[in-house]
Amino acid sequence: MPAIDNIIFQVHNLSKYYGPGCPSCAVLTGPEQETNVCPRCGTIVACHEINLDLEQGEILGIVGESGSGKSTLVRCLYFDDEVTGGEAYLAAYGAGKADIFRESSQKKRHIRNHLMGMVYQNPLLGIKPHFTAGGNVAEKLLTADVYHYGDIRKRAAVLLTRTEIPIGRMDDFPAHFSGGMQQRVQIAKALANNPPLLFLDEITTGLDLSVQARVLDLVKEIQRELGIAMLVVSHDLGVIRMLADRTAVMKNGRIVEIGLTDQILEDPQHQYTQLLVHSML
Amino acid sequence: MLNLQEVKKPRGYNFAFLDENTKREIRRKTLKAVAIPGYQVPFASPELPIARGWGTGGLQLTMSLIGPEDVLKVIDQGCDGGVNAVNIRNLLVKTTGVKTTYATSEATIIQTRHRIPEEKMRDDQILVLQVPIPEPLRFVEASMAKTREMHSEMDYSRMWVFLYENIVKWGEITLGARYPSLVNKRYLIDPSPIPRWDVPPLNMADTLYLFGAGREKRIYAVPPHTRVEPLEFDDFAFRVEDFSGLACIRCGSTNTYFNEVFDGAGGKIHVCSDSSNCDKIRAQREEECSCASD
Amino acid sequence: MGYVAVTGGTEAITKAEELVKYFRLKGDSAPLEVRQIRDQQRLAVDKVMGEGSLYAPNIAALALKQAEGDSVEASFIVRAYRATQPRRYSSLAVDTGKMQLLRRISGAFQDIPGGQILGPTRDYTQRLVDFSLLEEKTEIIRSFLQQAGVKDAEKNVPDSFPKVVELLRRDGLLAEPEVNDRTLRDITRESMNFPYPRSAKLQSLARGETGAMMAFAYSSIRGYGDIHPYLGELRVGYVSLYINHPGSAAPVYLGRVLVTEAEIVAQYSEGTKGSKPQLTLGYGLCFGHNELKAISMGILDRTTRSKSAAKAPAEDEEFVLYHIDGIEASGFVSHWKLPHYVTFQSTLDRLRKSQQLQEEAGNAQSTGS
């Protein structure tokens, strides 16, 4: 990790390929070629040599359309998928000197449980419908080694209240909640272990507009209060504009532009970014 | 000309029924189990003439360990006289000719179903427990492939959430027997359907405890002087069964595990589950009584 | 030679039937007496009665003889015979508390009022091959039978014994049934929809195939489901059957049948927060002496009442009740032996076409850019 003290997360040359791979994959795919699929070997180049870093308390937005690789990127960072190449460093882990992709699965689980939080687009990926809402939060706390029932109850109550879930529903099953409420249980769970780093993958997609607004407000407030660094993935520039300090634009597995959100929106440099910005409703 | 009938003596069953190769496999797996406390070691577990679910795992362990000098005790629910214990004891005696006893202190090998003897066992004794379901995570996960992964990563969070949900719903942890316990601070075990009462004696004991699951084909062990800690929350401690205010109708004991019996007249009485221990206490009390009246 | 169309189906079937008879009779051994099967293979007879859903020991024994010991085939024969019988009455509800017991045990308690009566059971024997049965001498059998048999009881043995579940009920430990539906439905007379009414479900289970029920019950106690069962009581014995008849003021006695009854008590009903924790009951009853089936039925009665959102197979009522009928299952599983060549031809056609298209696409790709 470089000397800049404020950087808590760094990604070097992250690549994710699906398929056998060949020497021409990198050259024959990308934003200029407008494709992810290598014509020579059929490999899908989901991500190619992604570099980014995240500062303390910052929200970095990743925007792109389908096939841009943004969701793949986040899945790899959360260890849901194995990277094909690249390194990543967390300041909170091993003083930022250990490449987290090379750690054992037990250590990866430790990093996930103690140092990261994740909110998926589909809440049922992040929460277990057969645990109660409180039980879901409890699960995160238990994996973070909190073994006091009273403390667990208190903290779960605090988090669920914070995410605007009525306390009376703490012992109900999320299977019976609305989509928006399920999403908020997921957020409560992701925050349970006070992670220094939070991933948010298309968290408002599929929700009603008013519900979207509430969820986004919640995220912004939490971020202000707790100063958690976040990686927000969305195809919706509106969401990015609302949340992100800096933004990376992805197309066909590469970052085509990265900078302050305001600058990107007002003065997009790359052709594709211009297209995106001008398509905004 | 070689006469096979002379060279190969016709014989019935091998000593302790199992052939020597089967015994060898079991012993090796047992050693592995002792070397990794609480880890479930798979073994071949061929069929025995006793039904699966009726003690074949325990039997295979006993059969692979027992020698002609051993003294055998077999109990079921704590009782030497129950039909299951009698049947198993018969098979072992028929195939080994060893001495048997009802007295815990006299035995060298004790095979048991669902109870640990009340009397503290020594370091020259082995307790073999019959296990129906060796997997403690079965409460939360049916797939063996997944539970294997969970053990290898020491990921017991789902078990913990299960206990949390128990407390939420019922105000306390409702697991009775088969209480999940952490061995040597590493592997979670199902201590077999012994009551909670019998979990503390496993902790830092002098005795070797061996667990055999025949149908599920697993062996695991709690070696002497090993930590066995039942899962509990900091503020919801593990509790044993509550028999306060009750006494055994036969021996008067107030600190042993009881069987509840309907007395036919609409009432309930309590008797020690460990029958030979009950006999011992009774004999002691009678002696004290007769000494006192002298 | 040109193609010759397939003919001779009728002749082939006739010959096949003859061969079946030949295989049953060849070998020069003395023909089996139906009485022998009834007497010495009573458990096979009981199984067939239960799965054939007809209490008729002689018919069941004959069916076993006819089917060369194939239990499913014999049950099929009995079922078919059942379908020809007129249905005139339903008996009055039987009080199994009054059962004339052969056997009565409880796994939940060490001692029960009236005692644990083992009866005829192999549970505590060792399964070692008994070579002495290769040749049984009639004199030895006769003398054994003479000295076994009824001895005077040392004390008065009661006529009937109280139910263990009654004790639990009295103590407030057994939950009341959630649904108290006592209407009698007959699945062989009307088509049912799920969820089944209680009588229809019990009827389906009572005539289910023992192996299938055993497999599903096994899955539920191994973890595919949430049941933690105890055997409250198992009874084997005779119950008397009575009917109401217009020609008589009092109920009319028909006779008695041998049944096996199992009452499974399972830990904790699924409560909502705050409800009283209690045991729930799973009930099993079948014709004849068939403990495996009665116990499996009791377990499945309970598992299929599960309210969990993610149901394990044994908890899915439709899944269980649909797949445990031996006659339906064996029929359909076997039906692949029937000619399917017309549909298969169609499949081959599709397969060849797809392969061809794939090959053409592959060729185009390699010859193209």
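Points to keep in mind about this one:
All chains are identified by letter, namely A, B and C, in their written order; residue positions are counted from 1 within each chain.
Here is the rule we use: a contact is a pair of C-beta atoms (placed from the backbone, for glycine too) under 8 Å apart; a residue touches a chain by one contact, two chains touch by 3 or more.
Note that the coordinates shown come from a computational prediction; the quantities given were computed from them, not determined experimentally.
If you draw each protein chain as a dot and join the dots that touch, every dot ends up joined to every other dot. In this structure, the chain pairs A-B and A-C differ in their number of contacting C-beta pairs, and the larger number is found at A-B. Centre-to-centre separation of subunit B and subunit C, using mean CA positions: 34 Å.
One inter-chain figure worth recording: subunit A and subunit B are separated by 49 Å, centre to centre, where each centre is the mean of the chain's CA atoms.
Subunit A and subunit C, compared by their mean Cα positions, are separated by 54 Å.
In subunit B, 168-169 are the positions where the chain touches two or more neighbouring chains simultaneously. Shared contact sites, meaning residues of subunit C that touch two or more other chains, fall at 273. In subunit A, the residues that touch at least two other chains are 171. Taken in their complex, subunit C has these residues touching subunit B: 109-114, 118, 123-128, 167, 222-225, 267-268, 271, 273, 277, 312. Interface residues of subunit A, counted against subunit C in their complex, comprise 129-130, 171, 173, 175. Subunit B contributes residues 153-155, 157-158, 160-161, 164-165, 167-169, 233-236 to its touches with subunit A in the complex. Of all residues in subunit C, only 273, 308-310 touch subunit A in the complex they form.
On the side of subunit A, the complex with subunit B involves touching residues 105-106, 109, 131-132, 134-135, 138-139, 142-143, 147-152, 171.
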